[in-house]
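The letters A, B, C and D name the chains in turn, as written, and every chain counts its residues from 1.
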Amino acid sequence: MSISQHFPVLVIILPLISAVLIPILSRAKKIYGWYISSAATFISFMISLSLLRTVHVKGKISYWMGNWEPPWGIEYVVDYLNGYVLVVISFIIFLITLYSNKSVDKEIPEDKVSSFYTIYMLFVTGLLGMIVTGDIFNLYVFIEISSLAGYALIAAGRKRDALIASYNYLILGTIAATFILLGIGYLYMMTGTLNMADLRERLPALYDTTVIRTAFAFFSVGLSLKIALFPLHIWLPNAYTHAPSVIGALQAATATKVGVYVMIRILFTVFKPEFILEVIPVAKLFVMLSAVAIIMGSLLALGQKDIRRMLAYSSIGQIGYIVLGIALANRLSIMGSLIHVLNHALMKGGLFLVVGAVIYKTGITNIDDYKGLGKKMPFSMAAFTICALSMVGVPLTAGFVSKWYLALGALQAGKWVMVPVILISSLLTAIYFWRVIDAIYFQGHEVSGKIDDAPVGMLVPTFALATCCILFGIVASVPVNITNFAAKMLIGG
Amino acid sequence: MKDNIIIQIITRLLVPFIQVFGFYVIMHGESGPGGGFQGGVILGASIILYVIVFGIDEGRKLVSEKINDICNSTGVLIYGGVGILCMIAGGKFLEYNILPLGSAHFASHMGMLGIEIGVGMTVAAVMVTLFIETARQGK
Amino acid sequence: MKSLYIGLVLITGLALAYGTLDMPNFGDPNAPANHHVAPRYIEKTHEETGVENMVTSVLASYRGFDTFGETTVIFTAGICVIFLLRESGTGKKKKRTK
Amino acid sequence: MIEFILAKYNYWIYITLMMIGFYAMIAKQNLIKKIIGMNIFQTAVFLFYISIAKVKGGTAPIEWEKAVRYDNPLPHVLILTAIVVSVSTTAVALALIIKIYKAYGTIEEDKILEMNK
């Protein structure tokens, strides 16, 4: 009876309990909110690592809530796929939490800091819960926890536009969640079960019923809204732009990635890959949509003046990459997608953290005002440059690895058209990041006054992310191996 | 409604009964319709009625902001605590049967009662919070 | 713009109606939803959990973790409203800028 | 044909409700009306869940010696959760609207968008 058998549930319970304790304990001292959050996210990260290791040594972990065997009770499952995603997400969350202290103090009114950290930890709980659960209705509950917390966090932005951004996100997010709820209802009505593994067993016999097809359609639309796939992305730029900088980083780096993970689960675990490839060929539709998303995201990013908005549009393009890999549905492309989940979380997290540091020091958000910051904040800007290079996909950075596997996957699927799409988008990415780099290093010193670099507490997490961008570019074998196992598990072969 | 003596007296009479009914619904969830949510909402409604009649400041004297905030959290903590107790007793999370309380059925009863009380507490406290924080904006 | 919205709503409605074609009839005892998982809740509740109300037993015991999530949702709503609306004395110096 | 439609009448009701709610959510300019639409939209889904739980001749799923058959308890549980989620979302949405009203002085979406330009 060791404690490690409870890890699948503890990874969620710890952030949740800490969220509940923050409003009580931080009555004594405001800083406790940050201490508790950092500690809880760190422990969650350690537990995730241990879970992934256990999966590697012993195989799939299954935890029965209340010891009711599935499908009657709720089952928590950790396998290669969600073990990997769990480690990635909890690592990024931990770094962002470390970073948050000063930035939150500056951007959130003092009396709201403790509620802020409570909601922050609830958001984290929701994300981690979505990853670990093996029950489709439990998934909905956690989607709603993280969404509700997300709405409030975005509304905490300094400008009043944040309120409207949050409201629109709330409306679209609720539509998405309700569609997912309806899809769950349809699946339950036809199969009588809510357990994902059990659904996988029972669904193939029902693939040609209209109910299951409609359920799939509602899942697709709902999830596409949640991950902001191109035509349904309208909530995202405003939300990322006006949110407090910590929340912008958190949303960009983790929330959409978890959405993508849920999409992979629904497409490949609840439904089998044959369903999207053969029974109803929506995979083609997703490939086209993601190609449009890749190009349009990059094009729209070109024209932006506000750096956060530029990064937000760039995220839409990057989501396109991930969905492209999923929709091509072969081993290499799925590996590419999963590696890109890690890489994009690292790169976008790092970029948003640097932007947050600049806002903390100067309040600048306009790209034109970045002139001369390279000399004033050399370390932050170095991190920015590394992450930007990785976004472009320069060899020896992490971004290159995932694009390489995506291109291989596209060739294997016979979709060679996608290779030029990836190349063109990389070029566009290089152009829009060049604008920023150019302003930082090669234009005059227009930033007046004394500005020094960001405090150490902010620099360390930023550099950790930037270092990882390089590290996983050179030592790519670690994510490649794990995602290889995950992809094999998902589609065989 | 601060000047209407009839409403005030009736409210003072009604509130305890509503609260007793709320507790009844929470406790009775195992054998009839009811449970933590329904009972919690009834409990919250009794306080909301009091606030409507006597005003927010009087209501805050009855349930201060501090107590209200702590109750918000405590409910979830009770729920999580019961789950963790089950883990300490050697079972899985929320496996009530394993609690060392004599028979498995009795342990299961107590476990469910515990979480229903937790749920009721959070729901009642949050309902009051929602109402008061929203109503205060009208000033 | 209005026609776009009406179109969207109609597409949704049509998709829902299409899905309905293969659904079991209202109140059909042979519907798949009432088999597989549900019968155990109905038959064994008393034996396994010792309570008479099956909804409570499923809510609190079989699917207790959902209810935990649900309580968390309510708690989240409470804290969100406090976060958004509560104004105490110290918070007023940093006002929302235009 | 008529029989087919009548035997599934619960579904037609929820589809109609869902369309009404969905339209209000995306087409209305008033923020409060959108929330009303959202509630109708979600209630439609609750109705769907509850209606699949119904079994002909079944009673409420509480043990009773005279009962022949019980309704399916699982959808009731699921929808209890979903109702709570809906209440919470509505609460957060209303809190947001209050803040929007304080910041902009209006809750008409088109006017707010004009101000933001």
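Note that a contact is a pair of C-beta atoms (placed from the backbone, for glycine too) under 8 Å apart; a residue touches a chain by one contact, two chains touch by 3 or more.
Predicted, not measured: the structure shown is a model, and the values here were computed from it.
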| item | value |
| --- | --- |
| Any chain in contact with chain A as well as chain B | C, D |
| A-C or B-D, whichever has more C-beta pairs in contact | A-C |
| Farthest chain relative to chain A (centres taken as mean CA coordinates) | B |
| Chain centre separation in whole Å, for chain D relative to chain B (CA means) | 25 |
| Inter-centroid spacing, chain D versus chain A (mean Cα positions, whole Å) | 29 |
| Computed distance of Cα centres, chain C from chain B, in Å | 21 |
| Touching two or more other chains - residues of chain C | 16, 20, 23, 31, 33-34, 37-38, 41, 52-53, 55, 57, 59, 61, 63-67, 69-70, 72-77, 79-82, 84-86, 96 |
| Contacts with 2+ other chains: residues of chain B | 31-33, 37, 69, 72-73, 76, 80, 83, 93-94, 96, 130, 133-134, 137 |
| Multi-partner residues of chain D (each touching 2 or more other chains) | 22, 26, 52, 62, 74-75, 78, 80-81, 84-85, 88-89, 91-92, 95-96, 98-99, 103 |
| Chain contact graph, described as a line, ring, star, complete graph or other shape | complete |
| Residues of chain C defined as touching chain B within the complex | 49-53, 55-57, 59-61, 64-65, 67-68, 70-72, 74-75, 77-79, 81-82, 85-86 |
| Interface residues, chain A side, partner chain C - complex | 16, 20, 23, 65-66, 68, 71-74, 109-112, 115-116, 118-119, 122, 125, 129, 135, 137-138, 141-142, 144-145, 148-149, 151-152, 155-156, 158-160, 186, 188-194, 202, 209-211, 213-215, 217-218 |
| Chain B residues within the chain A interface of the complex | 66, 69-70, 72-73, 76-77, 80, 83-84, 86-87, 90-98 |
| Residue ranges of chain C in contact with chain D within the complex | 2, 5-6, 8-10, 12-13, 16-17, 20, 23, 25-29, 31, 33-34, 37-38, 41-42, 45-46, 52-55, 57-59, 63, 66-67, 69-70, 73-74, 76-77, 80-81, 84-85, 96 |
| Parts of chain B lying in touch with chain D, wherever the complex brings them together | 31-33, 37, 130, 133-134, 137 |
